[in-house]
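Take a look at this one; I'll ask things after.
Note that the chains are named A, B, C, D and E in the order they appear, and that numbering of residues resets to 1 at the start of each chain.
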């Protein structure tokens, strides 16, 4: 045997004190501290960015959660609404929203007069303080309650977005100099009406529950329906991509023979992750709508497209997680007579669960925020449908999705939509955080180092 | 029996089969489960699957095929002259559907009896009005041929449905009977059930192939048309990307490819170190509470809609960079290297932020799975924690980490909104990260959503770009697979 | 010896439990087991001894096809369990492993509770009709594994939090809980103290009443104490196989002798 | 005994390398080591014996603060290395572990080549000036670990592809490659065959010329063969500590006696 | 299965706001469900329009340009033969800059000189040397040139090139110089005229006007190209420049005084009329005076209403298809 000679190149002396760090240790510890500092810096940087983004989002969007309303007493003039006077629904229907506008003008004129407010405005300009949707609101009410015709009732109308912006400080007397939609006298009137309590700003549940409105009435737009659209899509995505993704990963990682065709599948899947999302839209349009005759603009199709898009993410993370489970665990299970299938499902999968859930969280987050593929299957645009009343309707009837809705709003001309876009983002994030929290709780139950 | 109840019935039968199969197996072993080849539940599952799978398969197929069959048979009935000029059979059939659906609804609501629905005549009733009352809107008045066809449609549909119920029920019963019959203590139930599950796993994996085929096919023909309109040499080897409304554009992928690679590279330059360090810190240093909060918080970054990042790039990051690198003497550095807010750097930085969780969360899981004994071995030799991480833990976790980075890179290549708002729309070759550039993906989106003629090279180029990108990333992935195979370190 | 092809199964059962015929094992290119022929008898303890790296574990893993899980590992030749070739395509390795249990060289408890570690096998094989029976099996196995006293108060604690020796005994208990016909033990006592070792040896002796046990050990004393038959491996060859007493007192092969007397390694 | 506070360092060095004072270890609630006082001398082999689960590994891991890595593990009391409390906040565990090397109970080679497994320690401690020196250290360590002949042709093969005993020797070689002053070995020979065991024991004896070695073992024979001092642990207590000869022939404590004669476990 | 019962529309995002205003009002006033209006660009809209007839194809395509012959051919190949073209009005295109910045009174020649890649200086074709607006026109302030023009995917870009840059090119006489340089090739000369500089002075905006607005917000020197409607909704942030002395407004555009505008239209599949409930009603409603007239909501929003609206109404009522006399 070789002798243990002292002749080695030991720069370290025997019996050196521990209380003083050697130069080398100092250097290594400095490296250690640097390394740790990088870690902290990395996390801090990430969290800081998140904080900036969230502050940004909330700062821009919280305004969408309040809205200005105008309360007026409207006389539902029978002479205008039901000329024949037979309360025949068909006759009443013949009066379009344009026919209701004068009623509102009269009502606000009366209100202004009753309050004794001095203004030179014409009734039409006074009524411009109200949302352009006000006549429709009246008409809907009348169609539902034909016997109300002839009565005078109190209605709460949305105020015009300019008035709303004025109350929120977005619109000022100075900023509207060239604006042909609102004038200084109108703002003066607004001030008076606010003082009189006719105009007030309150919490806006319609924004959270309602559906989209056209470009000329941003005040009426809500994100509720598209939230349902997103919800149904996420249900489809979760129900399909998680089981399919996990199954595919299990096959590839645990069962697949080492052969060229499994390599092909493997490379294929990582490659699918790099396919731009809009291409999945092209695919969805070609396969689901044109070939399989699924309806256009339907969350079902959207969910299917997003499923295909999320699958690679889930598969890649699941495979990585499966790979990380030590082989001795599989041996142990096989050794007591478990089948490979049992070993995988009883032991490997639970150990890989945190990684699978991480993939699911990230995949779903991505799917939830994705717009581009929806563009091609008709879920982006103006889709102001009513909230679906059943699961089937939720899946099959035209709907939009939150990111698509936000994207649309962000494009629109009226700055009031800008605020709503950010408000929508807040809701989207709340939705996302709720979804993630569930998964994170589940993930923490599986996490353990062995 | 409505389809829903049929499904419920089949499931109920399957559940019953489960219990019966279990019981029979136990019975055959004289009540002693240990004499069975497999666990009793496997026998149950076997019966359950044989009851369920064929029946549901046939049900699904039937539901898919029946409409076409009915369609075919009904459309055969519609006389040539019943098709209005300039309309097509398909459109008439759509009308027929609508009327048939209306009749169905009317029967459901009790507005018509089944009898009436079958015999009603347009000559005597204003069907459009009656259906309108029920909320079924029709495009035009119902013509007699259409109504007849609709009635016929309903009749055939109903009989088809009846047959389906019978067939599916029989099939379920047969499956149940067959597998129940075969249940005995020597039957290898577990193997059969596992083979079934195995088949499902293979199917799931093959879906990826199907998707790929779908993607390639959905872009292939359009790409061919593109290359018929535009020279392939310009596309692959040209130097300029300048689409033009009048046609006659220069459409070369190279400047776009350069932009794609450059922007993705910068994004990864941000995301990979930050993400990896974050992952290492979370899994090796942070205590449980920090980890429990920081990780999910970082994951939110992946879920913020990209339009927010786009605006963030345009309104916050871009101007900030300009104030550093631009503005001449007034700028922070007193230089004038950057003129607009949009640049490769702007987009890269912001995209990097978005990608952090892709790297950090996935890597954290992988690192966490490296066995503690590995760390012990290294620490026991007097290594510091960081040395342990760098030289033992990370190499052991390499395949997973490469996967995570690939995923992030893939996202970077596929991202649009951030590039559009952060990097601009100009395609050019330049090494300067402070200039605007653009990527293949954004060009795909913008050419597809533009106002140009859809049959022109300017629009079709999107498909060619898509397919080329697909091939390129495929190459990258093959390379990555090769690298991982080569450097893979398997613990235990 | 006898001719396998003509051997009647019923005759075999009494005598030979497992017989290996011309077994070759390759790890990729390297030839780890060369041409091994051996008959392992029922109701007998067979010890495999030999220097480290000689292929004891490898051969042991062939006996219940655990080598299937190593991609690069190729097995040739025949191994008959009760006269049936276990490498026959018709044989289900799962069923085989339920009959031929295994304790690994490195303890590998599941990252689950101690109770679940033991109960896992009986559960998948349906050995217990109800919770009470399962509890009983778990207790019995832990007792036989000589670890019951140490863990009886913390059956819910994770199996991975035990000391090395405790983990090893847990793995032994886990293997016998499924009541295999043959038990393969790869150095089961290497991490055990003398008392625990004595208990495990006692267990092995007990198991011998009904089952066949194969044990890999580095301790000649142990081999001498527990086994009736001993096989000596060297560089992948089965050098000698015979009565334990004879091998230790009067080895035929010079290599065996030098190993036993401590001259080759 | 002496008063730690006033002890001169130079005086100590000759005699006591490590001394533990009132050491308590807790795993969460459970009290794994109770009030242990022990002096480990330089240039001596000290053996820890005791039944499985008595806390030998736990105490051993205290000596180079490997227990720091277990979150729930809390250590109280003082452990002095050359008169310096290693649990002093000023002490860097990294520097400590370079001095106090460790071989673990379960072999844990890195998923790297055999060469890199050995070179790892010398590299991080900067023990080699160049490749040639490093090669030399690797070869020397592998030789001393009694595994050189088996692996010299495949230094580039992964360390994880070795047999159990080979892995353990690789880990021993890895530990001595960094030339620690104290070497802690947790059952280093449990997976080794007699010849390898003898080689390792020889190595231990050799190391004793310059270093202090602490070895956990289940084999009384081994303890008797290699150690000069023996500590007997039982249920977390250090029951007896003294000259090996005396402990084995004439134990003071009845528990020691019954363990050695095989009555408690 | 129930057939589709709502009108499905897709196409130009310029037409989208108008279409959505009409769709909303249509849903409120009729028993038919609110039509679905998708965005995605004229090209994508027409493409889907021409995919065939039937339930799974859209009924109406919005376009900010007229359908091309090649597209009509593709349509016909897929069985979409009778197409009704409906012009809904005009989209004015304006130049606007930050409200607090300098005021501009442009002519097309100014824009040409500011943005063209090559210009003629002293008879020679050189790279555009102008860096500030003062270089372009001594009457302007010395504000750096920074223009945000629509990307080549936008229909607006075509109008911008035709009616501003090319007009400017011809007005300055550079067109002739290019023509001469290119061997009398008119096409090549046109191409040379409309090639915009790529040195960052002219920035293509592929997004929407909101993006242009945001860019002006982050670069106060910027001058952007907007739709009239967009400008009118953002008068608090933008000031509009005159073109050849005319202030853009619905009136000046309708009268033809303001030169830069383009027609907006939609296309209906005649075959779907009578099948898709409410299709014809929607089309008629869209072009009715109440909606598309000068006092209707569309004009209020910024659409320049078509002086020939009555003719369009008639054509829709009679379902007059393109190219035929049906």
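As a working rule, a contact is a pair of C-beta atoms (placed from the backbone, for glycine too) under 8 Å apart; a residue touches a chain by one contact, two chains touch by 3 or more.
Model, not experiment: these values are computed from the prediction.
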{"item": "Labels of chains that are neighbours to chain A and to chain C", "value": "B, D"}
{"item": "Chain occupying the middle, per Cα centroid", "value": "B"}
{"item": "Contact pairs, highest-scoring chain pair", "value": "A-B"}
{"item": "CA centroid of chain A to CA centroid of chain E, Å", "value": "31"}
{"item": "Cα-centroid distance, chain A relative to chain D, in whole angstrom", "value": "58"}
{"item": "Chain B and chain E, separation of their C-alpha mean positions in angstrom", "value": "34"}
{"item": "Contacts with 2+ other chains: residues of chain B", "value": "190, 311, 371-372, 384, 387, 448-449, 490-492"}
{"item": "Contacts with 2+ other chains: residues of chain D", "value": "94-96, 98-99, 106, 124-125"}
{"item": "Multi-partner residues of chain E (at least 2 other chains)", "value": "13, 31, 33, 40, 44, 55, 207"}
{"item": "All pairs of touching chains, each written as two labels joined by a dash", "value": "A-B, A-C, A-D, A-E, B-C, B-D, B-E, C-D"}
{"item": "Chain E-facing residues of chain A, complex", "value": "93, 96-98, 132, 136, 139-140, 171, 175-181, 213-217, 285, 289-290, 293, 295-297, 375-376, 378-385, 398, 408, 410-415, 418"}
{"item": "Residues of chain A that touch chain B when the two form their complex", "value": "28-29, 31-32, 35-36, 38-43, 45-47, 49-50, 52-53, 56-57, 243-245, 247-248, 250-252, 255-256, 263-280, 282-283, 285-287, 308, 311-313, 315-317, 319-321, 323-328, 339, 341, 351, 354-355, 358-359, 361-362, 365-366, 368-369, 371-372, 375-376, 403, 406-407, 410, 421, 425, 428-429, 432-433, 436-437, 440, 444, 447, 449-450"}
{"item": "Touching residues (chain side chain E, partner chain B) in the complex", "value": "1-3, 5, 12-13, 31-33, 40-44, 46-47, 50, 53-55, 63-65, 68, 70-71, 74, 79, 81-82, 146, 151-155, 157-158, 161, 187, 190-191, 195, 198, 200, 203-207, 211, 214-215, 217-219, 270-279, 326"}
{"item": "Touching residues (chain side chain B, partner chain C) in the complex", "value": "33-34, 36-40, 188, 190-191"}
{"item": "Chain E contact footprint on chain B (complex, rising order)", "value": "67, 84, 86-88, 90-91, 94-95, 97-98, 101, 132, 136-140, 242-246, 248, 311, 314-315, 318-319, 339-342, 420-421, 424-426, 428, 435-436, 442, 446-456, 458-459"}
